[in-house]
Amino acid sequence: MTRKTDTQITWKTFSEGLWANNPVFVMLLGMCPTLAVTNSAINALAMGLATTFVLLASGLLVSLLARYIPKQVRIATYIVIIATFVTMIDYIIQAISLDLYNALGAFIQLIVVNCIILGRAEAYASKHRPAKAVLNALGMGAGFTLALLCLGLVREILGSGSVFGVDLFGPAFQPWVIMTLPPGGFLVLGAWLLLFDWFRLRRQQKETVTGGQSDVA
Amino acid sequence: MNEAQQAMQPPRASSTLMMIVLNGIAMLAGFLVVMTSQLTAPRIAENQRIAIEQAVSKVIPGATRHREFHLGKDGLRSEPGADTTTIYAGYDDQDHLLGVAARAAAQGYADMIYLLYGYDPTCQCIRGIKVLKFAETPGLGDKITHDAAFQSNFDALDARLAPDGQGLAHAIAKVKHGTKQHDWEIDAISGATISSTAVGKALNQSAQALLPQLLPHLQELRATEKRP
Amino acid sequence: MGLLQQLRRGSFRHGIHPPANKQVTAAQPIRRLAFAERLVIPLGQHIGRPSRALVRKGQEVVRGQPIAAADGFVSVPIHAPATGRIHDIRLMPTARGELSESIVLDVYKADTQEVRWREPVAAPNTLTPEQIVQAVQAIGMVGLGGAAFPSHVKLSPPDDKPVDTLVVNGCECEPYLSCDHRVMLERPRDLIRGIELAMRAAGVERAIIGIEDNKLDAVAVLQDALRDNPCIRARAVETKYPQGSEKMLIKSLTGQEVPAGGLPADIGIIVNNVGTLAAIGRLLPRGEGLTERVVTVTGPGVARPGNYIVPLGTPIGFVLQQVGHQGTHTDFVLGGPMMGPSVSDLRTPITKGTSGLLVLNDSEVLKETRRIWPCIKCGQCVSACPMHLNPAQLGQLAVKREFTRMADEYHLNDCFECGCCAYTCPSNIPLVQHFRVAKAYNREHAA
Amino acid sequence: MSKPTIELRATPHIHAPHDVVKIMRNVVFASLPMAAWSIWSYGLSALLLMLAVVASCLLTERLFNRHNNTLGDWSTSITGILLFLTLPPGFPAWMGMLAGFIAIGMGKVMFGGLGMNVFNPALIGRAFVQAAFPVAITTWIPAFFEGRFTRLIPSTLTPPFTIPPETAAWSQQVAVDAFTGATPLAVQKFDHVAAPALHLLTGTTAGSLGEGSALIILACGLYLALRRILDWRIPLAVMAGTWPSAELFHWIDPGVYPDGLFMLLSGGLMPGAWFMATDMVGSPVTPRGVVIYGLLIGIVTVVIRLFGGLTEGVMYAILLGNAATPPDR
Amino acid sequence: MSPDSLTFIFLNTVLANNFVLAMFLGLCPFLGVSGRLDTAIPMGIATTFVMLVSSVCAYAINQVLVAFDIEFLRLISYIAIIASAVQLVEMGLKKYSPSLFRSLGIFLPLITTNCAILGVALFQTFRDYDFSQSLVYAFGAGVGFTLAIALMAGLREKLELSQLPSVTQGAALSLMLGGMLSLTFMGFAGLGGGHG
């Protein structure tokens, strides 16, 4: 395991996870919590923050300890570390609000298996200095939270007519119940991805000025 | 993922350093977890208590405090046992027993519906329900939590025991919307018949089983009245 | 295609019912067409090795004289279709699409054009099977049904595959064509003689003539002629394309199935077209070579449609001139509309395998210029395919150029390009074309 | 003789007379009697809803498919009409238009348009609004209400994005005697009273716009089957899956479970079997596959109707059938 | 049907509360390994198998945790035990049934850490299922997962031959398909529930 020598901390260290390698929109990781708990913005935010906390704490610890952890038990150790922080945040959320805890359900505990966290610990934190690891984890967490919010906001606005529980349109509004149901999760994320793909294609088409090739065969 | 596989294999290089590190991490993990659980335990217990108190005061109108009991075949206990049911006795400021709250559950439209209901021994009726946990459809099934007309079913839902004391005189049952005639019937929410049925079913099942067991011990609950 | 019907008449499953369009030509007797000034005789008219030219540029030949010799067993000689002078031996366009080595013959206008060259033969009923096979090759016989496979090869089955049945293919299932029909009506004696010769050659006891039930008059004529011949039977089968395909016909007549990728000989059957056998019956006893054939010239674009005896090598341009044709958008088809190739060059000659010349003009051609839609998975092609393939899936795979998957998983090679699928496809997908491309690609990449 | 253009063509040189456009046009024609019956039963509101849904489908197709003209193939109109027929009368027009948008946009164009979709577009549209607006889609209006040709059902013209007004009281007020707003399936499921077959055949019961008269549906379906436009095996297999399984449960407990005939004639089974399960794009191509597909739809329908939370299961059964249609063979 | 009965638990987990389509568990393999039917189905079977193994392990370990009143170690011990159990199973398979290992083995390490597996363990604990209920629950979850992933793979294989618009060629399509499947499975909501 070669420790990266460049210690330069750049904006990219942080922003990578925010956009270019957004864990949800680009890497399609951690799909389960992404879809399961985003039926309201507050749940999305809570889940995002909880995950960020675990990312951050485990990233820091892994980065600190990486050089002492034998190769053979690396992953097992990471899992134990992650599980520890997840258990902590699980209790913390219970202490903050039972309602929130009930809304997020088992998905807090399922952060343990969220591929983002193990992936980051393994691919980044173990190879970088603590400061960098923390910053990168922060970026990833922010990117994850941002993506969850994107979903949570759409689903809450359409599904309940509110944002963070604040009623937007008054009592006449007809909520789109589907948005709070499972299919809504799939469809909203699918729609976001479609939108991004569409923008990307448009940009590409503008860049390479080819004959107006039609999308639909 | 391949490394996961590798990592699980018995360590080849068994160095003392490795043992130290592993033990260290395990200890650190244990420490962190125990610490958190210790630190948060009081808050969590308080949260739970508040939640229960709120629920109890909703289903037993007027109750300001409650005590938890565990009802088993051999009577009331203060510690839960293998076959006990948890009940909450609700008291007013003067420590008069106002009613007893218990949990009930039945399969609803999407998943189980969990309820707390309050039984008033004076009128021998159910005085209120609170839905604790459910996954019914917003706009339809979730009306059981807030639909005023539906909730009014439980202002005084007849739960008298049959003369032999072995069950309810009249089974609690939901009827089609707008056809309620008796005090022991629940007027279903139109468009959410299934959720309404589930509520009825849960209450009936729980009351049929619990009340015959509970009533002989009412005195004991009252006996605690004078105690602070 | 009720089950009852199938039991009564014998048939196969799937297939299609295109309009037959045979009435006009089937009702008229066979006529003779004049000789063109110049005939083009490709050396490769049959399946197998092309013949070897025996003549030189400038040489005079008489009608019936061999002008090319068989090159090996799976090959046949070619006889001069007319008396005249060899103009040249060069590459000429043919129905197969590519240019191929052909003998170009200038016809003597003034000649009576009688057959002037015959091989002396013994009385047919004294010939041994080997001698018949030899004679069949010597007269240059190939399958006239379309495939142009040398007939003597079929008649000499290998020892390890004994045959017991001769199936005579009188279905003529392609729309528009009626040459076999007329041959059966007008030359039943020749046909029966040919069948008997073929049976002796191949050593089979039994022959069945299968005729689609839209030609019951032919069935009647043959049954009448066969009254005292218990070994040969004429039977009607359902009118349905591609009843004439040998596998389908065998299924309809005998109920047997030719194994996938196998030949009829694998189940003891040989199949010959009625035209082929009638020609054998007529030519072999006289020792005459195959110099002409009956061709159905028809289609909406033809002024005087009918069945014509056409000297081999006659350019289609000449035929069309004789019968008259009209139309501003024309599709010239050699053979029937389901399987015959389009030709664009009017110099293309009629060859041994040409059973028809079909002229489709504006009304038909423009109708075919239809929009191609995506496959709507209607399954029409699946219920049409006589080989029980899944053309829809094959077609979609072809678009994605998954050619090897087509062959490996979807039996592409069982497809014999009958065109039923493309005929029925409501989306007008050129399925057969896709399959040809795929097969060609696979052949190329097989090595 | 002027020199003709010689066309070189691939075999076969002739083609069957049908094509996609003709097939689709015929389906449109065959579905019009059902639409007409629904308009006869529910009046102006039905007409308006139909126009809104079809227009929304066509506009969506146009919006996403600007490059090649795909409106001419009628298939979009079929989607629109069939979608309309699955909606309840009095369904707000804006919700209908949303359903049309989803049906074409998500159910069809997203997959590449005609022939490429894997699910039945109309049913995707329906399933979406069913999950989005469960109240509106289970609000029934009695058929043949008074003055249906002069006034609209109050919920039809609900302003976009708002909750439609309650129609229960209004329904009672205008209902002709003997016509109630509860669907036969709901009445059966919750009260165990099966509507007589005659009422179901002639369509004097409440329900979705297209499930009125089983007789008309049957006639339209038969017309298409006889013209070989739809695969007759599919509706037969669907019914062959429905009837025996329903009879089985009826035999087990006649008091709770209805008989097979009721199952066949009630709800959306008839239009589903004849018009929606038969959409070839989502159904298998081989005869054997088609039979399995049909049986699956029939059985799943019965299971959902008898044991599920919903009164009707045809739509979900067909979508499941679409999903289970294997990729080949 | 009683909500505690084994039949109900099974049907409910397979259809109405399908692990993937209604509970959002196991989405990574659902989206990632559903390209072809002939990998999706072994993946499903392997997952079912691992679910059963982890259900048994979780049930056992939970008894211990409750007995010693150390529930705060639940998550850590579950994940460790499941991972090692799967590892053991994998090694056992390799040794005693190499053919089975070849068809399922490659999936096992992938499965170890996914939410569906841990989900089975956690949910059966939350729901206080007894041993047989837990087993049926795990089996139902596995069958439901297999069903969902097989349907998805079938659809995606079919779409491979379509001419998809370029916008919908990526993961978006998989999600949309998942949404539509999920919509379809909504038809099973309330299955066996208290109607009538």
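In order of appearance the chains are A, B, C, D and E, and numbering begins at 1 in each one.
Operating definition for what follows: contacts are C-beta pairs under 8 Å (C-beta built on N, C-alpha and C of every residue); 3 or more make two chains touch, one makes a residue touch a chain.
From a predicted model like this one, the values you see are computed outputs, not experimental measurements.
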Both-way neighbours, i.e. chains that touch chain D and touch chain C: E
Pair joined by the larger number of C-beta contacts - C-E, D-E: D-E
Relative to chain B, which chain's C-alpha centre is the most remote? C
Counting only C-alpha atoms to place each centre, which chain is farthest from chain A? C
Please find which chain has its CA centre nearest to the centre of all protein CA atoms in view. D
Distance from chain C to chain A - Cα centre to Cα centre, in angstrom: 70
Can you give the whole-Å distance between the Cα centres of chain B and chain C? 86
As a quick test, compute the distance in whole Å between the mean CA positions of chain B and chain D. 44
Note: chain E sits from chain A at a C-alpha centroid distance in Å of 22
Multi-chain contact sites of chain E, meaning residues that touch two or more partners: 72-73, 76, 83, 113, 160-163, 165, 168, 173, 176, 180, 183, 186, 189-190, 192-193, 195-196
If a residue has to touch 2 or more other chains to count, which residues of chain C qualify? 374, 393
For chain A, jot down the residues that touch at least 2 other chains. 76, 80, 83-84, 87, 91, 177-178, 181, 183-184, 187, 194, 215-217
Chain pairs that touch, as defined at the top of this document: A-B, A-D, A-E, B-D, B-E, C-D, C-E, D-E
In their complex, what parts of chain D are in touch with chain E? 106-107, 109-112, 116, 118-119, 124, 127-128, 130-131, 189-190, 192, 256, 300, 303-304, 307-310, 313, 315-317, 319-320, 323-328
Chain B contact footprint on chain D (complex, rising order): 134-135, 138-139, 168, 190-191, 309
Help me check something: in the complex, which residues belonging to chain C touch chain D? 16, 18-19, 175, 325-333, 337-344, 358, 360-361, 364-365, 367-368, 370, 373-379, 382-383, 390, 392-393, 409-410, 417, 419, 422-424, 426-428, 430, 432-433, 436
Per the touch rule above, chain D residues touching chain C in the complex are 1-2, 4-16, 18-20, 22-23, 73, 112-116, 231, 280-287, 290, 328-329
Residues of chain A defined as touching chain D within the complex: 169, 171-174, 176-179, 181, 183-184, 187, 194, 214-217
